[in-house]
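Consider the two complexes below, in which chain A is the common component and chain B and chain C are the respective partners.
Entry: the complex of A and B
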């Protein structure tokens, strides 16, 4: 972690305290139940503000919590990737800029606990130190050191926006992006499989799904929430059965409704208790959108999302040209 | 009863033998999750970590067919429609391998709801009668474990038919202790545990897993009253629930949560009536036909989850005066471990104890 880490948390707390009078409350991160878990916290008082932290355990995208808070003035702590969700929500007129006081923190990447669990048994961890290129885990059997790059979330390894794209208070030095242009190497690898192999992969993965809808509820852009088609009895798209067909249909719906809107914050996949790699479906959509419309969601507040508009003649879509 | 020995090397064969007599559900690793799967050849049961899902799916499946129905028009009088209803087949004898003591205790809590309220749930009762639990005792407590808060423990025998204790003796395996006659029959082909294995087990039981990681258990005997004192304090519940995403992780993974929904899934002239898991965290839970919902916010719904477990259940099934109340929570910690935003029910209960005292 960069040298300004501790300093930055103090600056954050001070900035939040200074804004408390101007907002209903601030959403930030506090320590969770163990050293690898942070938990979102509602800050109303100076004492609350002293609980704020910011480090590689701050995985959640707090833009998700803005749902249902219309009419309130809210302070929000965001990383670079989280700020893209805000931009996308504003582009879609689902969020007013004036409603927010944004505390933007340049980010060095967050931990992927699924990756750590593969390398170490962290169920009884009692300490963690993240410094420089190393993550040191204090475990009952001793200290285990892992290279930081091996346990960062995939999105952080290809991150081009570590610095918040929108902020009222930018706290800490700006970071140099880790990733270049996204090559979608993971998707390319997956698409080398035959259609049957891919179908079998998803059947196997989706059979674990318990239909808890953490993926949907953790998504900052999944704004239908409980009026979702997946829950609707009329029209009756999905039955209540926990069958592969229903689970899969929901994931296809989710991916299609996120096309051109998903900023790949990865909350859907991170939230899945069963470890189903559902972000891959959204990446597929995003690559198509990039190819067809040269568009990337949540980057430019002035841009109009391509599926929110149309051109009479699209550059890359031959739309019934022969008929006219 | 004689202690038996189940060698690691014999685990797959023994499971395969059980699978001839039972629908065997065994935990396997899939990615970062450990899930119960119906036995298949070449399966490697994994007992090294508590399964991601609780064991309740063996008794209360996520989807259960209550009945199927077919409508038929009376050809002589087309204004008349007859309906034919068929019951589901009785459940197969089932054996669940690799649950933890907290899961097995969950079975007792589900019994309270489905068997001991004066009305017996026939489908649950049928499953309960012919489902056996071969449980693995825990060797340590995790950060999210709190079974010792709610009357359980890492080697609790309650609700299990067989309890397996991992030992290193004789090449590694489990000392298997039958706790019911059915459990004993399961083990009758296994060799008796050697003296070395039994001594190792005795030594382990003499020094139970350390509670250092989760910390000592608080006295929760006043939890029901404290909860009622704070029932109307919506500021308290709003602060506790502010980060909740209203997803179903906590309730679906819970070994004691028993809420279900009943729906008819029509397809033309036929259909089925299903019972499926429901979750009090969902905005649709208790949403009435009129559009009114008595639990309109996340605050109301989290209050329901905590209240049901730590107040309504102990009040409905009271213990003798002075005894620790029975909570509808086995302290397995799955709701904490898998929550995307790290809501910690222990923290909520401790806040209750503290603030319910002050107010």
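Entry: the complex of A and C
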């Protein structure tokens, strides 16, 4: 595994170097400020390219940076899940394929620091070794070994697209998906609760929201940017009051705006400093979309998202009866 | 801003269950409201005068009227505020009749709800902006879909009025069902003799373009400027060369083609002219039965045609016509009696439909006007007529009365006696509906002068039985007047099949963007006051496509529709509704979702100098449906007069009153 991983990084660096002349810059991952963090890096020179890494700490979805870089030719390092964001952006005509050079890396899953945080003091960790099915954390008191599955992000545990769906350079062995269909097991449990219990759950969760909008800023498909409804004063959808209603309304808007578009990269939830499980809302919307339109966002570049079309009659929506 | 509010009593319609004075008093406390009153009839002349006078006296900027549905009187009040010098969109209507007074008797809560609705209207008016309509040119042409008697009449009237007419007919000749009839009730005059001249006029009028064997494929555009794609199905005969001589028909060896014009009572040839009076009188090839087209051999017609009109290489053609208005006149189809097992489901040759019988009665029909049993060609001595076959029958989802079957049944019974003087006719009926001019007298004549026996009761069963003169059909039913079973052995049974919406009517309605009911009949804009209009401006209805109608009613409605079209197209320019989508370019991110979802193709993307894209609304094409507005993630595209801010103002007003109610 380690050898393959090192091999892969070397291949990646070589591929990036070979493409440097054809792009304005390449976005990839480099070592971050501690062993558990990778940081996005802009590669313009061969020296920059030698900083590139690719491992389980490469959690960020770099596609988030693309919107607004129109007119530039960009190289991008993507995981399987990140590639879906690219496809969705292309479907929505917000991104030109010809504008991109994609370095796709099949992925074994990324770490969820929130999961590690409950097992060990992250600030004290001075090293981490990821190998096989284990993660070894080097702590002052000694080494702590955790099974990899216990510290992987939830999305990785059910990942059906570990291999990039679109890439110019596919680097490394293709990985086996975790099942063909999404079972939505996580939603099932939640949906069994009564409406009141669910509402109480969200009231509890949302009361912690500090309206920092990190979720919005991290979302690769939140494309409104400077005209976001949360900031709009005409119409004045949201007031600046820090009430539960305002927080809740924003999350509902966000979820509705992503209906049929969200590729479940999970950046909203990962970036939330308060640990609010907002991906749940988007998963719910996606499940509905799957049931009603048999559609999954960001898989087929040629597909037209169902909410971007108009049909007089929908197969599974019966809204035409007698008019009066 | 200075707002005036008028709360209408609508006589007792509203005042009986809403305290209108209290609503007006509450309205005086709303922000920007400088005047509020109640009035017995706001829509009356004094009511409108009061509105106008108050606007002038108090220098109002906008008016709220709380009364009936905007569909009733919004236009009335908009005109009133406009007369007083305000923009007509600086007016809001609160519907406290249909939405309040008529649905609850609880006076206290009704008054509260009416107050809430007025508050919402006031809050919306505070953020309303004046809007100005634009005017555009109109095409002085009309499309008529369907060439039956209604379509023909509408075409002639429109052409008379100076409009150019495009008449589209699915069959190869115009004439419709009326051209198949022998005689018409209650005058017993020859059907095709009265229709024929109108058909000829249609064919000869230089202002009328006929497209037969054609169907409307697609309709785009809007009132005044529709663009219609018409698929002309191939006839394999060049109609500019064909003279209608009929030589091809004589030489065609494929002679076993069911004759649709004669209701499949007889056979015809693969190349044929459907009937002698056909307009246009041109031959067409039935490709399914043509030996040349199915097997590659033959070509007799091509050889004998004196003008060389037959062309086996011909293909469908799609023509585009631009018109300013459309009349739908697609008429009806008849109920399919093979759905009824108790009447033989089409298995017995001597159980025929009324239209097939009509063809037998016709001198130009398959039996040259002699009534013959299809099974053995003998002249029937006893004929049984059965009413309400596929009418007033919930079991086959046809609960409505087709309206004309009682009358044509009486007519056919009379004609039977005329054709076969020593015959007996029985009519099984549920009720007799003869409510037209001269209709009741006509049925009486059938009973009294022609000795037709009317038996009141439904027929339960028809079955064959061997008799002295061959197989007879036994009609068994109840005589509900005598309270006993009846059985009649008839030589021929005629089923008075009811009317169904023309097959394909729902598809056409979708193309026309008009409403249709569960049965496929098109919906008029208002059953009493707008019976020929539809809810799509510029699209009108004529004839039985709106609901079963007899010939006089169809013709009358056709002329009415023509009158409406002539009035509409008498103007050189029409005004566009300013309540359409508008793009705020500064917000637009150029994603094009609105372009994809717009059902009318009213949005296009334009490129800015920096290469970025922005959506743009084609004002005359936009119908103001608002789909783009809900699709736009950034809310950059807004429906004028229904912007987010305006709707939000209403919602906030409503939530505010709720908060207050909960607190108190």
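The rule is short, and it goes like this: the second predicted complex is superposed on the first by the 315 of 324 C-alpha atoms of A that agree within 3 Å, B and C clash if a C-alpha of one lies under 4 Å from a C-alpha of the other, contacts with A are read in each partner's own complex, and residues count from 1 in each chain.
The rule we apply is simple: a residue touches a chain if its C-beta (ideal position, glycine included) is under 8 Å from a C-beta of that chain, and two chains touch if they have at least 3 such contacts.
Model, not experiment: these values are computed from the prediction.
Participant: After superposition on the shared chain, which partner residues are touched by A:180: those of chain B (first), chain C (second), both, or neither?
Facilitator: The answer is neither, since A:180 touches no partner chain.
Participant: So in the superposed three-chain picture, is A:239 touching just chain B, just chain C, both, or none of them (first/second/both/neither)?
Facilitator: A:239 contacts chain B only, not chain C.
Participant: Under the stated touch criterion, which partner chain does A:47 make contact with: chain B (first), chain C (second), both, or neither?
Facilitator: neither
Participant: Quick one: classify A:33 as touching chain B (first), chain C (second), both or neither.
Facilitator: first
Participant: So, A:21: does it touch chain B (first), chain C (second), both, or neither?
Facilitator: neither
Participant: Tell me the contact category for A:124 with respect to chain B and chain C: first, second, both or neither.
Facilitator: first
Participant: Between chain B and chain C, pick out the one touching the greater number of residues of chain A.
Facilitator: Higher number of touched chain A residues: B.
Participant: Across the two complexes, find the residues of chain A that touch chain B and also touch chain C.
Facilitator: 225
Participant: Quick one: which bits of chain B touch chain A in the complex? Just the residue numbers, please.
Facilitator: 30-33, 35, 49, 52-53, 62-63, 140-144, 213, 239, 242-243, 245-249, 252-253, 261, 263, 265, 274, 276, 279, 282-284, 336, 338, 340-344, 346-347
Participant: Once bound in the complex, which stretches of chain A touch chain B?
Facilitator: For chain A paired with chain B, touching residues are 27, 32-34, 37-42, 60, 64-65, 114, 117-118, 121, 123-126, 140, 204-205, 208, 210-214, 216-218, 225-226, 231, 233, 239-243, 267, 270-271, 273-277.
Participant: Looking at the complex, which residues from chain A come into contact with chain C?
Facilitator: Going through chain A, the ones touching chain C are 70-71, 92-94, 223-225, 227-229, 232, 234-237, 257, 304, 307-310, 312, 321-323.
Participant: Considering only the defined contacts, which chain C positions touch chain A in the complex?
Facilitator: 510, 515, 517-518, 523, 586-587, 589-593, 596-599, 611-612, 627, 631, 633-636, 643-645, 648
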